[in-house]
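For clarity, chains are labelled A, B, C and D in written order, and residue numbers in each chain start from 1.
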Amino acid sequence: MKRMLCICLSLLMIAGTLTGCSGSKSSKDDKKTLNFFNWTEYMPDSVLKAFEKETGIKVNYTTFSSNEEMLNKIKSGEKGMYDLTIASDYMVDTMRTSGLLEKLDQAKIPNIGNIDSKYTNMYFDEGNNYSVPYMISNAILCYDKSKIPEGINSINDIFDKKYKNSIVMLDDIRMVMGLAAISLGYSVNETDPAKVEKIKQKLISLKPNIKLFDSDSPKTSMISGETSIGFMWCAEVALAMQENPNIVPVYPKEGISLMIDNFVIPKDAKHKANAEKFIEFLLRPEISKMVSAEFPYVNPNKAAFELLPDSYKNNAASNPPASALDKAQLVKNLGDNAQLYDDVWTEFKNS
Amino acid sequence: MKAKKRFKGLPKIVTLAPVSIWLLLLIAIPLIYILVISFLGRNSNGSIRYSFALENYQKLINAQYLKIYAQSLLIAFFTTIISILLSYPFAYHMAGGSKTKKVIMMLLVIVPFWTNSLIRLYGWKTILGSEGILNGLLMKTHLIQQPLQLLFTMPAVILGMVYTLIPFMILPLYASVEKLDHSLLEAASDLGAKRYHAFLQITLPLTLPGIFAGSIMVFIPALGYFFVSDLLGGGNNMLIGNLIKNQFNISQNWPLGAALSIVLIAVTILLVKLYTKVGGNIDDLGVA
Amino acid sequence: MKPMVEIKNVNKKYGENHVVKDMNFTIYDGEFLTMLGPSGCGKTTTLRMIAGFEEPTGGSILVEGESIEEKEPYDRNVNTVFQSYALFPHKTIYDNIAFGLKMKKVKKPEIKERVTEMLSMVQLEGFEKRMPSQLSGGQKQRVAIARALINRPKVLLLDEPLGALDLKLRKQMQIELKRLQKKLGITFVYVTHDQEEALTMSDRIAIMNGGVLEQLGTPDDIYEHPKSKFVADFIGESNVLEAIVASIEDEKLILNTETGKVIGKNADFQKDEVVCISVRPEKIRFSETEVKGFSLAGVVKEHIYVGSFVKSIVVLPNGHEIKINRLAGDSLPPVASVTHLYWDINQITVMHSKEHQNYMLIQNIDLGGYQ
Amino acid sequence: MKKTKQKIIKTFGKLHAVLILLFLYLPIFVVVAFSFNESRRNIVFTGFTFEWYGKMFENTRLIEAFGNTVIVALCSTIISTVIGTIGAIGLHKYKFKGKGIIDTLMYIPVVIPEIILGIALLVIFSAAQMPLGLLTLIIAHVTFSIPFVVFTVKARLNGFDPSVEEAAMDLGANRLRTFFEVTLPIIMPGVISGALLALTLSMDDVIISFFTTGPRSTTLPMQIYSMVRSGVSPDVNALSTLILIGTITIAILTQSGIITTIKNNILGRKQK
């Protein structure tokens, strides 16, 4: 019996090492690789395969689930471990000021012209020397019209007592506090303690209505009918609408907060040229179209926009009305006030 | 002729050097690193300000944090108590079985351990959801008209904790119940002790080390399992785990996170030392 | 007789605890030597030093003239039978016994043959496939012996191997061990705290106490002529009296004990020296009247019938109880009567006593109304 | 009267045991069931299909992650079991100055929040200029597995009779031979359960792996974690079902070793 046991254990080991080696074929760190560090579910496989076929560059795709996770890894890891990553606007600002980003060689990325001028030369990176916009997502409301026939059109509507225990919210300090700030007409980066106190009180009054917080996939609660109102990313709403037609996106009249995700190249990236080649590849209209097909975020690529099907264009979730975008606010770094927001969030969650 | 001088220390070094060096390099150094950070400050852009500061530890004494600590301790306490009540009869029954039965039951307890814990919690979500299986069944059999609100409540978090940690209670309990030699029980009943007397006076006290070991292996992790409260509790309440995670992520305040972790580690080491003073055998902490 | 094992001023210290003090003795080839003494007297430590499990802090141990105290246990041509048998729980009896040969890379067929032969020698034929947990105490003990003897060691060390057996089985094993030792001619070094076992089995006994070798000699030599109070006390029953040499008449000693005069055999004692007398219970005789040269008298306390003989207790005026064994049927003084005790001076032993001062202290006690 | 009371206790015990096992396996039945579910969302069971198993095997990144996990899990389990076992023997047998420190350090990995251990290890690896990859992953996994191996082996060493080792040396086996012929076989059950625990921990770790892995060496738990983040779809269930079946077979193979030895004992006793 013991002998049989050893044989099967050793077989297992051989099998393991085989699949392992076959898995990481190009273990040598040669020219032909691109280490891409991206959000989960934010880049279709088909695009990566197309890029590999066309350029012969193997893409090593690793994922993270929040800007800060990516920052932690890059900040404390060895320099140049990743060649390309995607950071939201405020994070580009943080990384640029902390010297964690490479300057882009604009000449290598002519397609940057395709990007809608609304999203270039933003506060966090004048002249786009460090970043190229990839996708824009905004946090919007939505509701299930079969459960709430009267519908919702403003943020203050969801504070109504009758919606007790029926809202799914993003588990994201800046977005949720931003929502409350906008409902009071404040800036999403409010630092005046008195106003922040008001935001806190408003949020605490909303707590009974909130059934759960979920940043992973809030759409599941809307589709399964667990909740009748949702505050989530526009793409999540778009995907939920495909599964449950009763779901209606809402651009609250008080305004929304916006987040622009951008390609950036970490400092001392080993394959900077490959990264730039990838950005250029992604900016092509037909490729950008492939991305929007699978991830219906707002696409800043004007050229790609024309190619998109009508279902994308008239779906308000992925193609927000111009009026909503003008009033959209960008979340910025809070610097020393971060602790203030963190205390508010802890108290809100604890209430 | 002189036989070669036996190098006496060799076996001692061969056995102790690897584990000690590994622990010193990869556990002691990180611990020192964390301790150092916990006394530093935070720059506005979230990086570490290399200047001595006690602010992190001062900040720990604020109403919100104390509330979180209290809540986490409460949940961990309930999880431990329920685990004991559920595991004790199971371990007792398991220890009573024949040798093959013991091995099979041991296997049955360990195997669920090996599927991804996250997936199993999602399984519970599917069962307990308002449109879930349980509610569906109850509705179909007209036991209830409205779906019950099972998920995103405190009981759901405790259920998740108990579910994830119960094997850590069963195994040490089984180890100490199995070591109990049954002649003691016969002696007790022989002396006129009725069944529950025998249990209270003999079995329970003797299996205390097992209970204590199981409690430590359930209580401490329960303090840190934030993903259970996020999934089944819907993120409605914060545990120490969430608090620490936020410091490292959203608020990028590593020093405060480090201070919180040092406190958590100190509390645990205190518990373990208390455990040894009570006479619990440290080795019981190991799985049977 | 060729010396097999020589212990040369061997010392052993655990920190300040000096367990074996300056041990010196020789064990001859083919001899059955027993190290006997109370627990903690250093006998097991000495045995373990011969086996190689402990290293002496000083002195050397020679086997067949070659010093081995530096050698690892597995390099010594010595085998041990342990008190707890120490059988390999995960191996069959066959593998247990064959272990030594396997280590010496003996070829398989030869192993099989020698193991079968050894199993028959210890009457365990057919037990090859058994596991140790399935054997009784006696069987386990025999497997342990077989496992050691199969390697044909120069010296076999036995650490209280019969300790765990019941009385009847122990008696039987004592005889078997003796028979095996004579048949194989291997030197046995045996450790026990049971004096009766030592007396029945050994060619020579080494009495140890507190890490010191009290006496080394044949069983009857030790029984008849204990060299020290400890040996007398330890081996068999013995009445030990302290006395002072009143006068010496050629080879007779006139001794004043606390409660009377007695006579002993002279062996280079001086006048007024404090000595100990060791008298075996079966060597003391009763007498109605005072016998010449003796003035030791006491009250008969009780007679206890013990199978083949009668144990009597006589209490001396100072409360000291003297044990006397007479064959059943001898005439005995009635209980509570006064009787006089005497003995043949060649059958008792007089020893130098270390507790000199102690005697001086009690010399001038008023004996009072002795009735 | 006494007979029936005992019977009631026995049946209650059995019933309770079955309920606990049901409690442990309920979600697993759900996970396995939904791996055959037609609809993309794990909410309602629409139809039966093997589609997800097929789709899963096409997903090369999943297979690569599985390969990495198997390598890391096996290497870290073997290393931590070896170091842990001989370490446990050393700690059991010998006393030395820093023993208190090592014993306390042994508890740190059990209690330290994973996120901070991950970051601290990452800082050490980058300070030592070690490129992040399978090696650093294995080192990190060994670090948090060793204590569990040490605990289980030490628990097993509790009842170990040292004279058995002396007997082996007495019979001519040097220290190394004694270890392999005597000590190791006797404490094997402790070593196996320690190894199984280390394997379990390594196959379930996400946070520490996130910080200590390189661009090419994502592991399966990390992959599952990211798939779960975008809503659990049946292909994750399919994957988990396969892993479950795989681990059950390994468990039966290793533990059956014990079952057969038990059988031998029973047979042995009958023979006598």
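Quick notes on this one:
In this text, a residue touches a chain if its C-beta (ideal position, glycine included) is under 8 Å from a C-beta of that chain, and two chains touch if they have at least 3 such contacts.
Just so we're clear, the structure is a prediction, and the values are computed from it rather than from any experiment.
The greatest number of inter-chain C-beta pairs in contact is found between B-D. Distance between Cα centroids is largest for the pairing of subunit A with C.
Averaging Cα coordinates per chain places subunit A and subunit C 88 Å apart. Taking each chain's centre as the average of its CA atoms, subunit C and subunit D sit 56 Å apart. In this assembly, the C-alpha centroid of subunit B lies 16 Å from the C-alpha centroid of subunit D. Among all residues of subunit D, those that touch two or more other chains are 43, 119, 123, 225, 228. Among all residues of subunit B, those that touch two or more other chains are 129, 131, 248. With touch defined as above, residues shared between interfaces to two or more other chains in subunit C number as follows: 72. On the subunit C side of its complex with subunit D, the touching residues are 51-53, 72-74, 78-80, 82-84, 86-90, 99-100, 103-104, 129-131, 133-134, 147-148, 151. Those residues of subunit A whose C-beta lies close enough to touch subunit D in the complex are 1-2, 5, 8-9, 12-13, 15-17, 19-24, 27, 35-37, 40-41, 45, 60-65, 69, 72-73, 76-78, 81-82, 216-217, 219-220, 223-224, 243.
On the subunit B side of its complex with subunit D, the touching residues are 10-12, 14-16, 18-20, 22-24, 26-31, 33-34, 86-87, 89-90, 92-94, 96, 99-100, 103, 105-124, 126-127, 129, 131, 133, 163, 166-167, 175, 195, 220-221, 224, 241, 244-245, 248, 254, 257-258, 261, 264-265, 268-269, 272, 281-288. The part of subunit D that touches subunit C in the complex is made up of residues 161, 163-164, 166-174, 177, 181-182, 185-186, 265, 268-269, 271-272.
Note for the complex: subunit A touches subunit B at residues 66, 68-69, 71-72, 75, 94, 97-98, 165, 171-174, 210-214, 224-226, 333, 335-336, 338-339, 341-343, 345-347, 349-350.
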